[in-house]
Amino acid sequence: MIGIGIAKGLVQTARNLLGTYTDKDRLPTIEYPEERQALTEATRQFPFLVHDGDDPAKGLRCVACQICEKECPPKCIYIVKSRDKRVDYKGQMQFYPATFDIDYSVCMSCQICVEVCPFESIKMDTEFEFSTADRFRGLLFDKHRLAKSDAHYHRIHPTDAAESDAVMAAERAKAEAKAKADAEAKAKAAAAKLAPTPAASPEAQMEAPKPGSDTPTMPM
Amino acid sequence: MNRPTPESFVVRPRVDHEGTELEGDMLEVSMGPQHPSTHGVFRMDVVLDGETVVKLKPVFGYLHRNHEKIAEGTSYLGSMPYTDRLDYFCSLTNNWAYALAVERLAGLQVPERAEYIRVITAELTRLQNHVGLCGFLLQDMGALGTPLMWAFRQREKVLDLFESLTGARMMCNYMRFGGCRCDLPAGWLEQARTVVADFPAFLREFETLLSGNEILMARTQGVGRLSPELAVAGSVTGPMLRASGVDYDVRKVDRYGIYDRFEFRVPLGDHGDVYDRYMIRVLEMHESLAILRQALKGIPGGPVIDPKAKLRGFRPKPGESYGRIEGPKGELGFYLVSDGGPNPYRYRIRPPSFINLTLLEDMCLGRSIADAVIILGSVDIVLGEVDR
Amino acid sequence: MAMPLPVLEELKSLLEAALPGVRTELVPNGPVPAQASLRVAPTDADAAARFLRDDPRLRLDTCSNVTGIDWPDREEKTTSKAIVDGVEKETVEIRRVPGYLEVVYHLYSVSLKHGPVILRQRTANRGDDCTVASLTPVWRGCEFQEREVYDLFGVRFAGHPDLRRILMWEGFLDHPMRRDYVAPDDHEYEPTPHDEVLALAKAHYPAPEAKP
Amino acid sequence: MASLDQIFVALKDWLVAFVPVALQPLAGALLSIVAIMAVFPGIFALTTVVERKLLARFQNRPGPNRVGIPLTKIRLAGFGQFAADGIKSLTKEDIVPRNADRIVHFVAPFVLVAPAFLSLSVVPVGRNMAALDFRETGLLFFFAVGAATELSVFMAGWSSRNKYSLLGAMRGIAQMLSYELPLILSSLVVVMMAGTLSLATIAERQSGVQWGVVHSWHVFTPWGFAGFLIFLTAACAESNRTPFDLPEAESELVAGYFTEYSGFKFALFFLGEYLGMFAISGVAITLFLGGWNAPFTFLDWVPSWMWFFGKLVGFILFFIWLRATLPRLRVDQLMDLAWKFMLPMSLVNLVVAGVWHLAASWPHLLRWPLCVAILALPYWLLSRGFQTRFKTRTYRFAEESRPAPATAAAGP
């Protein structure tokens, strides 16, 4: 009989309407500025630079190797390598980025910079409220705005952060062992000459293979 | 009204679908690119006689960004996030198709767990694509958003799963050559099982609302018929082909990944009209749920990426490969030519929504303009993929 | 019913036996040997395609994918040594190898569930004579894809019913997928941190302020 | 309670008494106009919000719930939305296409709104509460004035010089003309039985009592029930509501005949459509649902106008419910429905009404089944025609055949 399907549909919508008043599942809207959805740990929005310690200028992990700049699919990262080396937070001589800009308006949040970074220095942030009226410069973030502390990283991605800490600890142990061996060898070879404190160069660090990851090679 | 007709716009003998000769003045309507039901910036140059379509030429390219050219200047890995943006409804199947082509090119093996994760995510993608399409189709039919919003309500749950796995709801960028980017987070499988367990109840609700509805039947049955012969010749793939009664599912034919381990059926339509296309998608959702139940039960432990896979400095040997999967919209293929360099020499996507549009005019001729809208809806296009 | 597809060598001999005068060439494919392809001359393409479609052993009834590849002109260096006047001299001969455009068809059989057979056609060169035979009369599904190849590569398909641009607009002159295509500097640049783009952007917009 | 029932009548009489006797009819008319112009647009304003909120609920969304009293945190659950919408449409730029026929384009919305108000004026909203009480021609006036809507739709569609507008207008004309027929035929049944065209009298006729406590609404008879369903369906089509919203079919014709309207004129179209819907619902209430009568005699203490407006709200909610559920018909199907289904059914209904009248002396147990049978048989026959063309289908599945082992050519 014609009309029965329509009647069934009407009953179904009415049931759904009444359901919205009793069943939370039927009214899933989150009223955004007041309420917020709990972000999952994997949530990624835009990259930021991790720094150890409290001073972003000093503790930036980035050594300006420019891999992420090269790999970034939309080319939104811009790095100028420093001419000199400076002592980083770990007390090693390192290059550092003289300029590190990310254009968030171009960035597509793909996380490839994070994956290719051998130094655990660039990570994805969960913040997304960056709207600005300035079309051209408002979303061009320099290294001062990009730098966020390791504690922040631990807060937003605890599991990832623990993993990356483990990776770094292993690397550091390796580098130290190598530095020690180097120092001993050098001390043996030129005992008379006062050798400068051997610092783990970025190359040395990069040669150290990361457990659970591929061997980083420098495509430069 | 006396504009000269373009060469390609010569109107064939004008008859409606019942064979009646039409002899009214013709009205040329440009539907789109800004039109509520063209699913994006898509245009149909339609010549109408009364309300009957006597000529229809799809026009697109408004979203063309030459993705293939961009990919030639980007590393193999760098194209992966761009594949998300092809058919933005189904980023994970796009990822998979691309990864499959590259894996063939580079000879990478995918660990078993990764294969399971790929099947699970791909079937979830199919679920959310089909449910979204059913909503959009009914929206085109004038059912003012209710089915669409219900579909979206359910789709959100799948997207929640994607977010907790990949970090993004739609632009997942998850598969890697030789596996997946990361392992499943704790509790994800449980969450997925809940979603899969809840889905049939939703589908029942959806079907009560619409599948028996007289208006829906009257609007869709016999509309936009596509004969199996024409569908095969026109390279139509996916649910549209199966709605015409052709048994062809790349999951069964190529048995890529580990699809040969799962029991599932391929629903076939007999009429090839819009109603069949709608129902085939509903039935495919049931089959996807069956695959998901099996996959979620049988997923083994282990690594999720081939240890040989290289993230940086990935250079496959010179040669070419074509990899295809059964995407939710049809056969999604990637054709890659490598010259040994870090970037693909040629990177081609076989976009199902683009190719399924080839026969749009054949389906629409002689039908009314309201039918043209739902026929377009039933083709299931996403302009990000059509225009690339 | 799934039926094994003859291997490509066998297929080639089948084709050449059935169509005398049609010459095909096997193009090997290193990494995926199963996806080697068959090259036919544009003049023979239609006959070969019809054979592939209609032969009961093959029944390749759907043309899944059509694409173009651009192989630009390249220079080949050959060094030859010759003893001239008792002195060994090395002459470097630079030979220009003319490029060509290639159209690749991926054929599958829906009824017999096998494939792909990959068919290739080459144009004579990249300039004035880049015509190949259209296979749209054989497989309807090639229609839009051949239009796309025409649009992006500039391959002309003889016999195509409606060869117009499809993704680019009517009146666009160049073919953007060619390797030597240079994007015109006429669109609106968003300044990005990269200096070359920034420089272009500055040329477009008089810079209101310097970079901080 | 009788005083509360007649409070507005008394108020009007009291106010009119202040002016000289010669001017009293004019003052009375003005007061009625003011009342109609205040009450129904008020209901319209609330309806827009309620419709949006309810539709949203049907769709599992909260709907508008932010706009309340400006500059305060009071949100009134979003019921300030109509004011915001009104201000928006008043202040928006009024865009007229360059090629439009400016005068017709300008006049069209007013041609829609004016008859809508006029047709509301004959609807008795309570006992003794019809603004215009045509003793013998109320229903005729309503249909005559209501027909002007078609004119407005075509004016809008034609003058906009837009192809969608034109198509929408053509659809609108065809639809409204076709559905006028079942609409009038189904109301003719009531006229036949009540013996008058006066809406107020028809409403009064339904205050009788049957089955002990139930007022004798026309809908409680076979012809009344069938007539009501036909009238309701045709009313949906007349007021362009889903599933008959083809003239403004969003997914096909963008916005149909008012595609090229913006700002206040668009709001006027909106207002006109809703007023038309109220008017036709009011007439349906008067003809079939007992007008301002209570359903049961023990509820007679509730003022009559409350009953009327309560029923009107019921109608509005029902229309919203339909809108949230149903897809839209196609033009030819719409015409088929009007001419091949509703017209025959309303003619049969006329016969049923005659039988009912002639069999007045029969016992209910005989009269009822006879009339129901006369109605059910053509209904069944007509719907069978539909069911042979469209039916739910069963689907087959591809036969499971393990494909042969991968050949070399099938890929690795």
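Assorted remarks:
Note that the chains take the letters A, B, C and D in the order they are written out, and that residue 1 is the start of every chain.
Heads up, the rule we're going with is that a contact is a pair of C-beta atoms (placed from the backbone, for glycine too) under 8 Å apart; a residue touches a chain by one contact, two chains touch by 3 or more.
Remember, it's a predicted structure, so these values are computed and weren't measured experimentally.
Core chain by CA centroid proximity to the global CA centroid: B.
Looking at B-D and A-D, the interface holding more C-beta pairs in contact is that of B-D.
Centroid to centroid, with C-alpha atoms defining each point, chain A and chain C lie 40 Å apart. For the pair chain A and chain D, the distance between mean C-alpha positions equals 59 Å.
Each chain gets one centre point, the mean of its Cα atoms, and the points for chain B and chain C are 26 Å apart. Contact of a single residue of chain A with at least two other chains is seen at positions 2-3, 6, 9, 12-13, 16, 26, 28. The multi-chain contact residues of chain B, meaning those touching 2 or more other chains, are 104, 146, 150, 153, 209-210, 212-217, 253.
Residues of chain D in contact with two or more other chains: 58, 60-61, 324-326, 386, 403, 410-412. Taken in their complex, chain A has these residues touching chain B: 2-6, 8-9, 12-13, 16, 26, 28, 40-44, 67, 71-73, 108-112, 115-116, 124, 159, 213-217, 219.
Interface of chain B with chain A (complex): residues 74-75, 77-82, 84-85, 146, 150, 153, 156, 163-168, 171, 173, 181-182, 185, 205, 208-210, 212-217, 309-313, 342. Interface residues of chain D facing chain A in the complex, by the touch rule stated above, are 54, 57-58, 60-62, 65, 321-322, 324-326, 380, 382-383, 386-387.
Within the complex formed with chain B, the residues of chain D that make contact are 55, 58-61, 163-164, 166-167, 171, 242-243, 245-246, 249-252, 254, 323-333, 386, 389-393, 395-400, 403, 406, 410-412.
Every residue of chain B that touches chain D in the complex is listed here, in rising order: 27, 29, 35-37, 48, 51, 104, 138-146, 148-150, 153, 209-219, 221-222, 247, 249, 252-256, 265-271, 275-276, 279-280, 283, 323, 368-371, 373.
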